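All chains are identified by letter, namely A, B, C, D, E and F, in their written order; residue positions are counted from 1 within each chain.
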Amino acid sequence: MKRLLITGAAGNLGKICREGLKGYADVLRLSDLAPMDPAGPNEEVVQCDLADRAAVHELTKDVDGIVHLGGISIEAAFDDLLQANLLGTYNLYEGARKNGKPRILFASSNHAIGFHKRTTKLDEASEQRPDSLYGVTKCYGEALASYYNDKFDVETVSLRIGSCFDKPRNRRMLSTWMSPRDFMSLIKAVFDAPMTGHLVMYGVSNNASKWWSNDHAAFLGWNPQDSSEQFRAEIEAASEAEYRHDPAVIYQGGPFASTGHFED
Amino acid sequence: MKRLLITGAAGNLGKICREGLKGYADVLRLSDLAPMDPAGPNEEVVQCDLADRAAVHELTKDVDGIVHLGGISIEAAFDDLLQANLLGTYNLYEGARKNGKPRILFASSNHAIGFHKRTTKLDEASEQRPDSLYGVTKCYGEALASYYNDKFDVETVSLRIGSCFDKPRNRRMLSTWMSPRDFMSLIKAVFDAPMTGHLVMYGVSNNASKWWSNDHAAFLGWNPQDSSEQFRAEIEAASEAEYRHDPAVIYQGGPFASTGHFED
Amino acid sequence: MKRLLITGAAGNLGKICREGLKGYADVLRLSDLAPMDPAGPNEEVVQCDLADRAAVHELTKDVDGIVHLGGISIEAAFDDLLQANLLGTYNLYEGARKNGKPRILFASSNHAIGFHKRTTKLDEASEQRPDSLYGVTKCYGEALASYYNDKFDVETVSLRIGSCFDKPRNRRMLSTWMSPRDFMSLIKAVFDAPMTGHLVMYGVSNNASKWWSNDHAAFLGWNPQDSSEQFRAEIEAASEAEYRHDPAVIYQGGPFASTGHFED
Amino acid sequence: MKRLLITGAAGNLGKICREGLKGYADVLRLSDLAPMDPAGPNEEVVQCDLADRAAVHELTKDVDGIVHLGGISIEAAFDDLLQANLLGTYNLYEGARKNGKPRILFASSNHAIGFHKRTTKLDEASEQRPDSLYGVTKCYGEALASYYNDKFDVETVSLRIGSCFDKPRNRRMLSTWMSPRDFMSLIKAVFDAPMTGHLVMYGVSNNASKWWSNDHAAFLGWNPQDSSEQFRAEIEAASEAEYRHDPAVIYQGGPFASTGHFED
Amino acid sequence: MKRLLITGAAGNLGKICREGLKGYADVLRLSDLAPMDPAGPNEEVVQCDLADRAAVHELTKDVDGIVHLGGISIEAAFDDLLQANLLGTYNLYEGARKNGKPRILFASSNHAIGFHKRTTKLDEASEQRPDSLYGVTKCYGEALASYYNDKFDVETVSLRIGSCFDKPRNRRMLSTWMSPRDFMSLIKAVFDAPMTGHLVMYGVSNNASKWWSNDHAAFLGWNPQDSSEQFRAEIEAASEAEYRHDPAVIYQGGPFASTGHFED
Amino acid sequence: MKRLLITGAAGNLGKICREGLKGYADVLRLSDLAPMDPAGPNEEVVQCDLADRAAVHELTKDVDGIVHLGGISIEAAFDDLLQANLLGTYNLYEGARKNGKPRILFASSNHAIGFHKRTTKLDEASEQRPDSLYGVTKCYGEALASYYNDKFDVETVSLRIGSCFDKPRNRRMLSTWMSPRDFMSLIKAVFDAPMTGHLVMYGVSNNASKWWSNDHAAFLGWNPQDSSEQFRAEIEAASEAEYRHDPAVIYQGGPFASTGHFED
C-alpha cells in the first residue's frame, strides 16, 4: 500500500494507529481537527475539519485506503454529532467515491448495538439497537457504507469497536476489550484482503467472555491473539461487583445504555 | 384519540391522511413547511420548519399520536436531506420525548432496503440496504426510533412505505402499491394497538406479487383489503416490458437503485 | 372411530366436545372427577379420578383415541396440580401405552408460553415460557407426550389452547379465541390424519390479530373458519382500553403472567 | 412470446400444456420421442430424441421459452434414465445456451425431496432427499439449472411438481395435487416475469393440506385457485385408510419412497 | 459468596462439589436425604427430604447460591420421581423465592434431550426430547426454572450434564464427559457472573467429539480445559465397537433411550 | 477394518491414500482405470473401468469400506463426465448395495458450491451452486448418496474437498488447502465412527482463512491439525495480488467459476 489515510489521528485510536501502522504503507496521511505531532518520516499531517467538504475531498486524494476514526466518539450534543458524524462521514465517502474508491475501515461502535442484553450473543445479522445518539450516528455510518458499496463499489469494513486501550479498564471491558495489537492486525487483514464488500465486524480480542461472533468474516483470516483474561484478577480486585439490575450491567452498551439524555 | 399530529401534511401522503383520517381523532393538527389549505372543522394548521427545534417542540405539544410524513421524500442533495430528514427527525423525536411520549408512525421507505433483489422475500429481520442518500436517511430514522423506544419508551412503527397513490402507476408498483384505504386502516391499527414497541413494517396492500412479509406484525390485526391486480392489464398495456438486466428491474428500489449520484 | 375417550368431560371444553363430537365416534366415553349428565345414546359415562392409576388404566381400555381435557385448567395450589396434572397425566399415558396406544389430543395451554410478549409471533419451535405453575404442568405434559411418542410410539397433538368459548370475552381474547366449531374440526383433523407423531399446535381461530403460527402443521389440512373480528366492536365498547405497561397486556398469558404466586 | 418449445409433448403433462397454452405464444413447438398428433394452427411438431445432441440443438433454435417436460417421469432402469434425463437434459441446456438463452421451466419433481416426512413443511431451502433414481435425476437437473444460470445467465424455474391430473386420484394426492388450470397459470407467470434467476418452486394447488411453501416465490404473483378439498369425500369413500407405519404414508414421495430397487 | 447450599451432597456429583468447592464460599451447606460425612470446617450438614416443604424452606434460608443436585438421578419408578424430582424441585424453588432469591445451578441432564440423534448438533434452542421419565422430570425442572425467573426474578442456570466422573467410562462418554475440574470452574463462572437470567447450558468438557454447543453462553467466560481424548485408546481397547443400529448408539441418551419402561 | 477399497488410486488423492492409509486396514484394495504400481504387502491392485458395471460389482465384493476417489476430477467434456462420474458413481453404489453395504467416503468437491462468494461462510445446509459440469456431477453424487442412505442404509460421507496437496500452491489455496495428514485422519474418523448416515462435510485443514464450517459434524471428533498459514509469506511473495473484480477471486470455485464452457 502506497498511502493510507487515517482520520481522527489525534485521538486515542488514531495515536495507536499512527504508531502501530508505521511501515505498513509507504506513507501515512494523518488527519484531525485537533493539532497533531509534526510529521515524521513517511508521514503527512493534514489538519482538516471533516465538516468541510472541499477540504475532505482534497484530503482523500491519492490514497489507497482509509482508516476512518474521525468524528466524535462519545455521546455528545446532537448538533455536534450532526456536523462531525453525519455530515463529516458523508463528506468522507464522497471524497472516496470521487478519488478512486479506496477501501475504508469505518470505526463503527458497539454502541450501535448497545441495547442488546449481555446474555445475548450477537453476530453480523443482529438487529441494530443503538444506545445513544452517538450510537445512532454509527448506525447511519453503516447504512451509508452499505449504500456506497452497493451503488458505487466503495468497499467498507464497518468495525463495531469494543474498547481499545492498552488494557481493560473495568469489568465490562473484560468482554469488550480489543488490544492495540489485535486492532493493528485486523486493519492489515482488512486492507490485504482481495475483497470485502460491505462487511460488518466486531472489534474485540479473543477474550474468555464473548458477546460477539465474527464467524461470518473468517474469510479474512483474522485471528486475534490477545485476551483480557490476564487482567481479570487485577480488575476484579480494584472494583466492586456489578449489580444485575443496573442497566449498565444488563445491556452491552454499559453506561451509554443507562445514561439519560445528553442535554437534559 | 384527542389530537393527532400529521407532519408533511401538504404532500401526497399528507393529503391522503388529512382526508382519510377525518373523524379518527377529535382534532387533526396539520403541519408542513409548505402552505396548506386553511383549517377546516376539527383541524389545526401549523406551518413549521422541522429543522427549527423550538418550533417543533411547540408543534408536538398536547398530541396523542404523530404521523411523521414530513421531510424530503425523494432523492435530493445531501445538505437538504441533512436539514429535513436528519435534523428534522431528531427534532421531532425530541419534541415527542419532552411532550408526553405520543406514539409515532414514522414514514420510512422501501428505499431503506432498495438494494435487495426483487427475487428476495424480505421480512422485518432483513438487512437494511439503502438505494439512495434518501434511503440512508430512512435507515437513520429507524435507528433513531429504536433508540428512543429502548431508552425513553417512545414507541414507533417504522413503516417502509411502497408506493401510495390512488392506483399503481407502473409495473413495479404492481408489487409495491399500497392503497390509500389500506394506509388509513393501518394507521388506525397502529394507534389503536395497546402497544407496539419499535416495530418495522412494510406499507403495502395485498397485491398478488409480494416482496415483503408483515407476518411478524400480525398481532396488530391489520389485513390490507386492496390489491393492485385489478390494474395489471391496464398498466401492462400502457408500458413496455421490463428488461431483466436493468438495475431498476433487478432491485426492489427500482429507479432509485439504478440512478447514479444526485449531484453529479 | 369406534370409541373416543374424553377426559374432563364435565368442564367447559368437555361439554363442548360432548356436544360437538356426537356422531364422530360410535361411542363417546366421557370421564371426569365431577358428576356428569347421565349417558345418552352412544355414550358411556365413567366417573374417575385421574390420580387413581388403576382406575385410569381401566378407563383407557378399548378406546381408539383420547381427548385429554382432564385435570386442573387454571392456576391452583401446587399440591393440587401435582395430583391432577402431573400424576394424572402420567397415569393417562401409561393407560394409553398399555391399552393399544390410541392417539391423544392433549389439551396443553397458551400458558405454557405465556411469558412471551404479545409483539412476538410464535411457532412450534418457540421456547416454552410458562406463566404459572399451571403452565409449568402443561410444559411437563408436552415433555411426557414427546417421550411417549419417541419411545413407545404413542402419538400426541399437544394443543396450546387459547380461549375456547362461544365468543371472546375480553380484548385479549380477540387474539386468543378459538371457536367451538373450529375446535371440533381440529379434533377431527387430528384423529383423521394418518399420522401425527408428537405435534405441538396452537388452538386458535382465524382471528385478525394473530400471535401464533400453525404453518408447520399444514399437513393436517385444518383451516379454522371463524374469526373474533365480528365481536370486536362489542367487546371494545364494553371494556376499557388496555394499558401498555400492564404485564397482563405485555405478555401473551394475560392475567396469568401478571398475577403473583397462588398461595401468597 | 413468439415461440414456446414444449418437450415431452406426447405425455400427460405435455398434452395438458399443448391444450392449455394455446394462444399464449404465437407458435407452440411441440417435441417428443413418441409420435404426437399432427400440428394444428400455430403449432410445430418435431419428433426428437433428447439424447441426440445435434437434434436438440436444432430443436431449441428460435424459441423464446422452453417448458422442459421431456425425459422419463417415473422410476426406471438407470441406463434409461441416463440417456433421457441425464444426457437429455444436458443437451437441452446446451441447446438453450447456444440459441439465445431462452428461459426454461424445468419439470423437476416432488421425488427430489420424497424422503422428507409428510409431517415436515418444506420450503426452497429444504435439503434434497430423493426417493428414487428418478428423483436423483431431478436433483441433477436442478444442479444443472443452477450452473447454467450462474455461469451463462440461462434462467430456470425448477418446478417440483406434485401430481398434475384432472383430479386427485388417491389420498396422497389430496396434498400433492396441482390442477391443470393452476399449472397453466404458473407457466404464464414464469414466462411473464421480468426475471427469475434460478428459482426452485413446488408445483401444487391451494390444497387444504399442505406440505410445501412457495412464499419465497411470491414475487411471481402466482396464486393457485384450485383445491383438492372438493374431491376429499369421493376419494376417502373409494379407498382404505392409510396405515401410519407404511413408508408410503410416512414419506412425501409415497410409493416411490417405499418401493425397493427398480431392477431387483 | 458467604453461604452456598449444595443439595444431593451425598451423591456422586455432590461429593465432587463438596471437595471441589471448598473455599469458594465461606460456608458450604450440604444437604441430602442420605447420611453424609460429618461437617468439616466451614461446612454445615443438614439431612433433609426435598419432599418436605417446611424442611426445604428452612434449608434454603440465608444462602447466597444453590447448587441443586438433589433428587433421583437415574430412571426410576414414577412415584419416586414424583416425590423427589417434581415435588422436591418445586419445594426448592419456593424456598429460594421466599428466602431472598439466591441464584440456582440446576442439575438438568442430557436425558432431557436424549432422543436426539448423535449426528445432530444441539444448542440451547434445540427441542426437548426426553428419553426417560427421569428426563421428563428434568424438562419439568427447566420449565419451573423459566417460570421462577420470568415471574419472580429467581435466576437459574439449567445445566444439562453429560457424564461427570473422574474419567469417561465407555465409548459414549468420550462425547459426554465433563471432568470434575471443568464442572467446578463452571459452577464458579455461574455464580460469579453479574447476571444469568434463565440459561440452558450443556455440562461437557472440551472433548474432541462434540454433540452440544454452549456458544450462546460465551458471555459467562467458561472455557472447559479438559478433554476425553486422552482416554480414548484405553476405552476403545477395553470395549467392543458400537453397533450402529442399536438405539443406545443412535440416540444421545444412550441406554436411557434404548431401555423400555422402568416398571415393566 | 479388514479390507478398504480405494478407487482412483492412480491419481493424486489416490496416491496420498495408498501411502497414508497403509496399515489402517488389513488389506487395501486399489483400483483405477490407469495403471498403478504393483501390489505391495497387504495390497490388492485391480485395474477397473468404473463405467463397467459388472467389473465394479466384482470390485466391491468383500470390502468393509470404500474411499471413492475415482472418476474425473477436473472440468471435462460432458460425455466423459457422463461415463466416469454419472454412470461410474452409480455403478459403485450399486456394487456397495449388493455387496454388504460398506460405508463410503465420497470425494465430492468444493466445485459443488463454487458459485458462492468467498465472503459467504458456508455450512452443510448451504445451497449447492456448482461452478462447472464437473461440479454438477458432484451434486449428482451427493444426491445419489442421500438416496442410497435413505432407502438402502448405505452410509456416505460426502466430502467437499478443497485442495489436497503437500502444500498450498496459490493464494486461493490458503483458504482451501487440506493437508494430506488431515485428510488421512479424517478418513479414519469417518470409518471409525459408529454411524454417519449421509453426512456432507468440507475437506479443509485448520487454515486461518475459512470459508466453510464443519460444526455440524463435530460428533466425528475430527479436528484438523494443519494450517496453510505457514506458507502464506512464500506464496504471497511468489504471486501477484488478486484482483477483486476477477470472478476467479469473487467466487469460491476460483478458475472453475471464471472459465467459460469446456467445449467452446
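One rule holds for everything that comes next: a residue touches a chain if its C-beta (ideal position, glycine included) is under 8 Å from a C-beta of that chain, and two chains touch if they have at least 3 such contacts.
Source: prediction; values computed, not measured.
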Every chain in contact with both subunit B and subunit C is listed here as D
Chain-touch separation of subunit B and subunit F, in steps, is 2
Given over half shared residue numbers means same and under half means different, the subunit E/subunit F interface is different
Taking each chain's mean CA coordinate, subunit C and subunit E are separated, in whole Å, by 31
Expressed in whole Å, how far the mean CA point of subunit A lies from that of subunit C is 53
Listing every touching pair of chains gives A-B, A-E, A-F, B-C, B-D, C-D, C-E, D-F, E-F
Note: in the complex, subunit B contacts subunit D through residues 117-119, 121, 171, 174-175, 207-211, 213, 229, 241-244, 249-250
Given the complex, residues on subunit F that touch subunit E span 155, 194-197, 199, 215-216, 218-223
The subunit D residues in contact with subunit F across the complex are 78, 82, 86-87, 90, 94, 97, 112, 115, 125, 127-133, 135-136, 139-140, 143-144, 146-147, 150-152, 257, 260-261
